[in-house]
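Take a look at these structures.
Here chain A shows up in two complexes: once beside chain B, once beside chain C.
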Partner chain A sequence: MSFTAATEIDNAIATITLTGDLDASSAPVFREQIDIAAQASPKRIVLMASGLDYMASAGLRVLVFANQKLGTDVDIYLVAPQELVLETLQKTGFDQSVIIVDDYDTAIA
Partner chain B sequence: MDRIDIHPTHTFGDYKLRCGRPLPFGTTLVPGGVNFSIYSSYATDCTLVLFQKHQKEPVAEIPFPDEFRIGDVWTMTVFNLDYETVEYGYRMDGPLDIQAGHWFNTDKILMDPYAKIIGGRDIWGEEPDWSDPYQHRSRLSFDDFDWESDRPLEVPPEDQIIYEMHVRGFTRHPSSEVKENHRGTFAGIRAKIPYLKELGVNAIELMPVFEFDEFENSRRHPETGDLLMNYWGYSTVGFFAPKAGYAATGKFGMQVDELKSLVKELHKNGIEVILDVVFNHTAEGNENGPYISYRGLDNKTYYMLTPEGYYFNFSGCGNTLNCNNPVVRNLVLDCLRFWAAEYHIDGFRFDLASILGRDPWGAPLANPPLLEALAFDPILARCKLIAEAWDAGGLYQVGSFPAYGRWAEWNGKYRDGIRKFLKGDAGRVGDMAQRLQGSPDLYAWAGRGPATSINFITAHDGFTLADLVSYNDKHNAANGEYNNDGGNDNDSWNCGAEGWTDDPGINALRQRQMRNAIAILMLSQGVPMLLMGDELGRSQNGNNNTYCHDNELNWLDWNLVETNQDLFKFVSHCIHFRRAHPALRSRYHLQNRDYVGSGYADITWHGTQAWNADWSEGSRALAFMLCGKHAKSGTAEDDYLYVAINMHWQTQWFELPGLPTGMQWHSAINTGADLDHFDLGKEPVLDPQQGLLVRDRSVVVLVGR
Partner chain C sequence: MEQLTVPGELASLKLIAEFVLAEASKVGLDKKASYRLRLAIDEIATNIILYGFHESAQKGDLHLSATTDNSKLEIAIEDSAIPFDPINARQVEATELERPLEERQVGGLGVYLAIQGVDQFRYERVSDRNRNIFVMNLA
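Right after this comes the complex of A and B.
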């Protein structure tokens, strides 16, 4: 399924909604959105992930990129990832680059 | 200004190319493309073969233009490749002249020796497609793992306590309670870190994790029909790639991240990672083996060959890697640097390391360049280097392995000496005194400290501890070699019955003997190494060579945590006791004299009479005292420690040496008592203070404070 990423910035919170398959071909699209978000100097990034069906190696790497680009003061929240995505994150240790939560309200609380 | 070196200069079909950079070898992701670099001293032409992941037929074959060869290196940048889905290999043209050592064959597609990910065996045990002409496929890897602030732990060698384990065997058993699809993987080990912490070890030594083929020489047992596999993995396919089948994410090609994540998490928990590395031979086997990579790329460079062009077999596995050829030496160096830098690996144990000290014709070298280069390499400077100091060609170098002040050794003489003493052999007391002190007889003369000695009683090769006290002879029928495989020099004793018994007396003695072994191991100077499962009394039914079993013979049964919890508690206690007492972990050899003015020598020897050890032929008992004021050469504070080892079949009274005024002996460990240990710091005062009965075949430890 084709990948989409849309960014909204509100009150120093950048929310990026992800859908589809995030792989090597779509990772640059995600990365572009991170760049856009970073320009707004947000305090927090919230990635809406429930519509994300698959995340390959290149996709995971954007999370690391985001972490390093934004610095340790900016927390990255991943909201409601699907089981397959969550498992991949956990097994490869990328879960440590983000804070995984169940819903949007927790992420912006 | 825009860089102009990132633009193609050549095209081939739809592919855009540019002359590459020869270093580093292998593949490197560069702006817009991938840099390929491969060398061969004798090839005449080289073609890059590209595949789409999982497809049998190549999508492209790109010959290297003449101008892309520099010296013996073919190098090219190919633009616009999909990093995640491309697989690649090489065809090499050159002479096919077996006697001259050349095996070039353009029908074969060859794996890159520097491949960082290798596809083809993505899921452990899944039957490969044997019709695929390219079985082990090079893939591309990212080098951008987020290590945060991690780096190798650099635990002082003398403080290490090593746990030797098999990645799959550790959590594959259903009883491991690890998520089903994590069983037998790096992720499985990560889930069991709390267990390792409770046990107390601070280093795990992983049996081979470089990509190997579990189907190499796989066969059916002639009688049972069971599938026998290359389970242990001592046969390397690729030196730079982690075994995909050991990763829960191997099917997604993410084994690199999974292993790195495990290393990072272990480090966070104070546990180092040592890799068991196999550089003595490769999975290509002898003259009848397959083409995987090395043979087709540059046979004469990679292998030791007889004048007739046959493979020397110092490894016992068909071929011998030509480690002291300068080109191969660099491959080994590159490999270890890669694992140290890229995976934060803390140390390496070299399988059949004596082979690495042979010249290209097999003769042992006095000053082997590879071993020297490893010892002085700046990237490996703080890695532990551990040699299995012998080979299958008859070289035995325990005590004489070329060390350059760096190399430690698996101390085979420790294993043999302790086993003999443990089973009650006469004439072993003098040898025991050496082994307990970190084998100064083997190492002190060369200025090598106690941590040179990796002390072990059991290892993957041979009996488990439970089998060491339950079998006189090996029982290897399950290996399908009519019990001809595996060593016969086990120095084991079954305590009165061969194998399983319901005799309570024999079982009690076995329990005691296992505790004796563990206590001696944890009370010896040097570096103790524990075999996975010995803390739980794991048995292999008397099989001392389980290299080929992917089943319950090798899988750790976690139900033992419940059934043998007393043994686990004892082993864990002994490990924590060692960690709590610096006197047991000396950096320098003990001197058997008082050099801090405490009135006691650093170590003193005793027997049933204090101050008077019985060194005679018939003696089977020995005691020693460590002076706490000499701990870590007088730089650390510790209690006084007294250890009595009675391997006689009779209970004996041991008279105790007196302590400095105001101190008393306290009971810490007694393998002959129902209550075999007391918690650290809560050891009760011994009464009377003058001596104690030490039960037949048991070990007692006292602390003086």
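Right after this comes the complex of A and C.
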């Protein structure tokens, strides 16, 4: 399924909703949304991931880019990733670097 | 034997994924195994396209073939890009996987996911071609 990423900024929280397949061809779309979010100097990034069906290492690279772009003070939350996307995060240790939560309310609390 | 030939461009990744998932479905691989096989092939295909072709300003195709013998599904990718053996490429150290994001070296993660996501991975250099072979055992 084709990839989409849409950003909303509210109260210094940038929420990016991800859907579809995130591979090396679609990663620039995600990266562009990180750039848009960064312009608002958010204090937190919330990635809505329940509709993200697939993620290759190109997606992990964007997470590293986000961290470098926004600085280590800005936490990255990942809300409700699917089982196999989560498995990739765990295998590569990225589950220690982003905050994985079950729902949006926890991410913005 | 099913085959697919696509240009060495990132836009081909979608067709490659469709081919792999269709072959996985034909032999009844479950969702997890299908996902891992697709991820492995996607990562290696991405490497071939970005580093084998684009970075060395070469053009070429990726040739995929799928075979099955009831005990396993084997998918091979062949390309004419510069020699690249993922097994002997820079391996990700276990300590690297524990580093925080700001200290991450991201190179090598794709190859790591590819090799450990399939039941068997082989690399062969056959005349002027790289051949990456991915095997999934059938239950």
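Please note the rule applied: the second predicted complex is superposed on the first by the 109 of 109 C-alpha atoms of A that agree within 3 Å, B and C clash if a C-alpha of one lies under 4 Å from a C-alpha of the other, contacts with A are read in each partner's own complex, and residues count from 1 in each chain.
Just so it is clear, a contact is a pair of C-beta atoms (placed from the backbone, for glycine too) under 8 Å apart; a residue touches a chain by one contact, two chains touch by 3 or more.
What you see is a predicted model; the values in this text were computed from it and never measured.
Asks: Please determine, from the superposition on chain A, whether chain B and chain C clash or fit.
Replies: Clash.
Asks: Based on the superposed arrangement, let me know which partner A:91 touches: chain B (first), chain C (second), both, or neither?
Replies: both
Asks: Determine, under the contact definition given at the top, whether A:57 touches first (chain B), second (chain C), both, or neither.
Replies: both
Asks: Between chain B (first) and chain C (second), which does A:23 come into contact with in this model arrangement: first, second, both, or neither?
Replies: both
Asks: Which partner does A:67 contact after superposing on A: first (chain B), second (chain C), both, neither?
Replies: both
Asks: Classify the contacts of A:39 with the two partner chains as first (chain B alone), second (chain C alone), both, or neither.
Replies: After superposition on chain A, A:39 lies in contact with neither partner.
Asks: Among 79-87, 277-285, 493-501 or 655-663, which stretch of chain B shows C-alpha clashes with chain C in the combined arrangement?
Replies: After superposing on chain A, the stretch of chain B hitting chain C is 79-87.
Asks: With the touch criterion stated at the top, can you tell me which chain A residues are shared between the chain B interface and the chain C interface?
Replies: 23-25, 56-58, 60-61, 64, 67-68, 88, 91-94, 96-97
Asks: Could you list, by residue number, the parts of chain A that touch chain B in their complex?
Replies: Residues 23-25, 56-58, 60-61, 64, 67-68, 87-88, 90-94, 96-97.
Asks: Within their complex, state which residues of chain A touch chain C.
Replies: Touching chain C from chain A are residues 21, 23-25, 54, 56-58, 60-61, 63-64, 67-68, 72, 84, 88, 91-94, 96-98.
Asks: Would you pull the chain C residues touching chain A in the complex into a rising list?
Replies: 10-11, 13-14, 17, 31-32, 35-36, 38-39, 42-43, 46, 49-50, 97-102, 104, 106, 109-110, 112-113, 116
Asks: Under the touch definition given earlier, write down the residues of chain B that touch chain A in their complex.
Replies: 82-85, 142, 144-146, 148, 181-182, 187, 247-249, 252-254, 257-258, 260-262, 264-265
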